[in-house]
Amino acid sequence: MPWYQLNDANDPKLDELSRKYNLHPLHLEDARSPDESVKVDTAPHYTFAVFKPVRLVPDPDNPGEQTPTFSAIDIFAGKDFLITISDPTCPTTVQALDRARRDGDDEHPGKLLSLILDTIVDLYFPAIDHFDDRIDDLEDKVFDNPSPEILQSIFAIKRELIDLRRVLVNTRDASLHLQRDPNTIIDADHQPYVRDTYDHIARLLDSVETQRDLLNNTLDIYLSSVANRTNEVMKVLTVLGTIALPALAISGIYGMNLKGLPFEDSPHGAAWVAAVTIVATVLFLYLLRRFKWL
Amino acid sequence: MPWYQLNDANDPKLDELSRKYNLHPLHLEDARSPDESVKVDTAPHYTFAVFKPVRLVPDPDNPGEQTPTFSAIDIFAGKDFLITISDPTCPTTVQALDRARRDGDDEHPGKLLSLILDTIVDLYFPAIDHFDDRIDDLEDKVFDNPSPEILQSIFAIKRELIDLRRVLVNTRDASLHLQRDPNTIIDADHQPYVRDTYDHIARLLDSVETQRDLLNNTLDIYLSSVANRTNEVMKVLTVLGTIALPALAISGIYGMNLKGLPFEDSPHGAAWVAAVTIVATVLFLYLLRRFKWL
Amino acid sequence: MPWYQLNDANDPKLDELSRKYNLHPLHLEDARSPDESVKVDTAPHYTFAVFKPVRLVPDPDNPGEQTPTFSAIDIFAGKDFLITISDPTCPTTVQALDRARRDGDDEHPGKLLSLILDTIVDLYFPAIDHFDDRIDDLEDKVFDNPSPEILQSIFAIKRELIDLRRVLVNTRDASLHLQRDPNTIIDADHQPYVRDTYDHIARLLDSVETQRDLLNNTLDIYLSSVANRTNEVMKVLTVLGTIALPALAISGIYGMNLKGLPFEDSPHGAAWVAAVTIVATVLFLYLLRRFKWL
Amino acid sequence: MPWYQLNDANDPKLDELSRKYNLHPLHLEDARSPDESVKVDTAPHYTFAVFKPVRLVPDPDNPGEQTPTFSAIDIFAGKDFLITISDPTCPTTVQALDRARRDGDDEHPGKLLSLILDTIVDLYFPAIDHFDDRIDDLEDKVFDNPSPEILQSIFAIKRELIDLRRVLVNTRDASLHLQRDPNTIIDADHQPYVRDTYDHIARLLDSVETQRDLLNNTLDIYLSSVANRTNEVMKVLTVLGTIALPALAISGIYGMNLKGLPFEDSPHGAAWVAAVTIVATVLFLYLLRRFKWL
Amino acid sequence: MPWYQLNDANDPKLDELSRKYNLHPLHLEDARSPDESVKVDTAPHYTFAVFKPVRLVPDPDNPGEQTPTFSAIDIFAGKDFLITISDPTCPTTVQALDRARRDGDDEHPGKLLSLILDTIVDLYFPAIDHFDDRIDDLEDKVFDNPSPEILQSIFAIKRELIDLRRVLVNTRDASLHLQRDPNTIIDADHQPYVRDTYDHIARLLDSVETQRDLLNNTLDIYLSSVANRTNEVMKVLTVLGTIALPALAISGIYGMNLKGLPFEDSPHGAAWVAAVTIVATVLFLYLLRRFKWL
């Protein structure tokens, strides 16, 4: 059975294969779209699949961090032919095709298809685990020091999870299609492998949901920490005001150019007034606390 | 096969056609309603469809921005006739009808219907992409400068997405009806095209959901930035108060018309008191930081 | 075919009709309950329906505003009789019964039932549109001036929408029951009319959902406006503090009864000190802005 | 047909009945569990049901308020026997059993079961209505005076509604089981009564959902009122600061022991300076308002 | 019937058993994965199950608290063999196996499987009840003193409930699989026990949902308490400012080196000015309250 591997959907060889194997024009259009999404479609004599392998690449916005990036692989799997179109620079795709060549069997294109899907799905696990570490890290930091950088990281991860979740949901629907459609290229012997892959995708989606919950938790922690700190700062400000008030009022009073103030002419006037000020401040703080105003 | 194109549902010609092709009065009522919504309904001898083509027009409220606007097209597709009623000034509608005339086939009104729907759905992509750019732009701005104008833009886009989503959900239900109803005008040969259109609508709805998530993210960023800034401003105010307190208290004390203050008669009294003030301020700031009150 | 119209479910005539047409005691109990809810129930020889016509009445709490109010209509539609029980002072009910009498047909109680339901549903549109105007109005006001009165209006409309939605959901379920139940009084000829009514209810519910989304938007605008304003007020307070600080500190220093202050004996001392104060204030504001503390 | 009423599931008589009527050990275990939940289970020759009658008792935490409290009733309804196990001190249970004895029929244990369920469900209405009054009351108060006590009441009611909702959902599932299971003791004649009860439970659940919505509304009102008041207090503080600033600065300046101040030696110096101060204050307030800083 | 109990999935004995009983390689892979999740899978001649027994262990982060910890048990239940692989140090697993050995029956591996599942599920109840106590405790504390430690506990419990819920949902799906799959090892006689276990899991999930609701309530109480306290502190600060203002202004005025102030030369000048100050302060507070500014 021939296996054609093309590096680019715009390769004119694809048109030739299309004529030879009678590929549906809508599938060619999908393969050539720059913005294709994950799908499985069953034509009468072959199964067309688009998957999105993921890999971690260094994040240009966050030096030292990695970000998941998607490429695309198109597969036309007929009874007696297999056409794969994929970016040869993506290590995930290369690994998936290598494993299919090693473990697969030229007589069963359905097995090759299920092996490729399985490898692609298995390589989502490192991408998801990578977020686990980053979220744990954020959660530790946010209690100690809720800085705006943490906020920015939370929202950046949220955004990446939105994308990841969308690809995974589509991959789950595609693998369900492979299980349910009676005309699909996957025969009964290989269905357990597709079901196993489906279980893996369900577990991945479950992890993404958990990570979203944890991120929302982290955001709530951030927001309540900021509210708390504002409250603390307000209290400090109020205590300062309370301490300052008697001192300022009393010193203002003795600064007046008036006659008749107590201790006015006493040689230890300053000491007496200082004592009065201290007593007034302590009384003031005591009263605020007594009536639970602070 | 005759194809009647009317520019206005109130054209008396429609009544004539209605009598000739036995159109259902409820469908006529729908076509003439100023506020019709997307639907597909199957009568025994024809399929009635209402779609809402979208186009971007300059936004009167936001100079320099564009806003999606909807028109309506009504289609009566029978086995041996096609009636379309549409606003001739809407470029999306014109494009949809032109493509149907070019690629369609007079003997298959079902194919014409599916071509019109396909063009209308494809022209939703630029409207959605347009929001992608605006949301990216808002997200960049909100971190740097969370101004009330950004808030206003967030809520304006949210409102437009609510409308867009409603039309898309109805269009998805309509295209599902075209696939499921056995009496519909679309025959088996053209079903793959309707399924493909359905996939496109699903992808559009997916994008709208993602955009709503991103907008909520942007709103959360805005709100937490404002909370953060309030907190920062409070801290500045408190630090100012803290710096001012010893200076004000000490200068107040030496302003009192009393006897017995230290350095009272020293020729360098001012310098001594200045030194005491500075020491007190530094000590004060140190204590606040030491006990993590600030 | 006799049509009995009663103004009150407690009319003894109902007991008489109940005996004559063998009405189920649970239906009588429902009709007499002061707090009945919308439902359709199929007995072997008749269909029992409760609907809730809506009308707008002046709102006692908000002079100048209107508020939707519900009455109730009970219908027993058998093959050869029709009993309606309704409040004769409700204009919506009167209009529904008048249209049924005019357009209906005495031989088809199912048609009468569907006409009454259709009129009642159509008269929900003005009630819903009325909220559209009020919400638009609130949205315009909230950006200019987020006052507590707007908050009160938002919550009042939310409460009314909760009630309206509940009645509409029950009416949708009732109309679905009329379509699905094979024993219902509505025959195949009149089913398209019930389906059409169902579409109208779906559109009404859709509008209510949109209005709830818009109200939540308005509430978010309100809350973020208040947070914004608090932030603005804090900044003004801090700028005031910052401006005041050097003036207060310097004037305090020169108020001290000490020797050794610069410019102490200069005849233009006040001018020099004023210059120093102004320079210090400007420097202070510059530093705060320079380090982005404000 | 014998009807055994036991006051306690630990009564040894239950073991005896269990042997006589061949009751399933899992059902006995359920009946004796201190923490049983509402359920209906069908054994080959009898139906086992657990319901939770509700009653209002004075709330120990809120003098003057009432709180819903649940007891439990276990029912084994066979073709030729009925066993009920219930707390004889619960007035709701007593009322349910009394009505079953009065209106029921010894030959139809299914009717007895449906009568007991119906009375129990009907007695949920006063418990729900009781919350309506309390929520209305809270909503009125929260606008006038958003105190922490209101907050505490909101959360207390939320907690009670969580419990109530859980019991109602289980009761709804139990009544559905009675309708759907073909082996249940309820025969076709009594199914309309179970359906009617089911409608009542649906209405109760609907009310609970509405009450939760209303409570969330009240909580939102509370939170936005607090935000509003904080904002108001900040404004007052800032206005005070603004009024005080010119007075303090000018009086500070004239307190300096310097020469060269204007009006220094004027006999009406105080009056002139007072005039300057007042003019400065008014100008200041005008500028703040002019540039919308306040 | 032989029962093989292995302590480690990497035991070479498993490979031997795998050959003997023809176990599926995917199931061996699952059993050996360090990160397996709860599942039930039916092979033609045996049922494979993974469960996650829970136990409470002292929490290293919160001295004095306990935290739920999961181990794993793998079960291969064939018609004539049972293989269990479990950690022998987990008391929950030990208890489950002991009960299966005591109450089970060597001829019915399905009964053994259902007994093991039942014990594992029953031992979730103490783990859930443990959270009930902690949440009640938090709720009591949060009203009295909303400290950041409470916040930290809320989020820690939220995180543990996320994990617990995930395991329970998977266990519910697994027990549903045991009920629905016609090829499962559980025969009709033991189905009531699996259904009973399913009911217990549903009740556990119900409790987890309630606990999440209660935690969200507690978080809302925390946040509104902090908002309240900030508001209170602001009011105290403003009252302090209000009290200080007249004293500071008047004492500043009499500190000016100017002529023409009233009471300037009066021997009781200080007393007069003190009286004026007190009157001004009281008037000020009265006005603020009068116009509801405070």
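Order as written gives the chain letters A, B, C, D and E; numbering starts at 1 within each chain.
Note that contacts are C-beta pairs under 8 Å (C-beta built on N, C-alpha and C of every residue); 3 or more make two chains touch, one makes a residue touch a chain.
None of the values given here were measured: they were computed from a predicted structure.
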Chains in contact with chain B and also with chain E, listed by label, are A
Here chain B maps onto chain D under a C-alpha rotation whose angle in degrees, rounded to the nearest 5, is 145
Chain centres from averaged Cα atoms put chain A and chain E apart, in whole Å, by 22
In whole angstrom, the CA-centroid distance of chain C from chain E equals 36
Among chain C residues, those touching two or more other chains are 227, 230, 234, 237, 241, 248, 252, 255-257, 261
Seen from chain A, its contact residues with chain E in the complex are 143, 192-193, 196, 199, 203, 206, 210, 213-214, 217, 220-221, 224-225, 227-228, 230-231, 234-235, 237-238, 241-242, 245, 248-249, 252-253, 255-261, 288, 293-294
Chain A partner, complex, touching residues on chain E are 24, 26, 37, 39, 148, 151-152, 155, 158-159, 162-163, 166, 219, 222-223, 226-227, 229-230, 232-234, 236-237, 240-241, 243-244, 247-248, 251-252, 254-257, 261, 263-271, 273-274
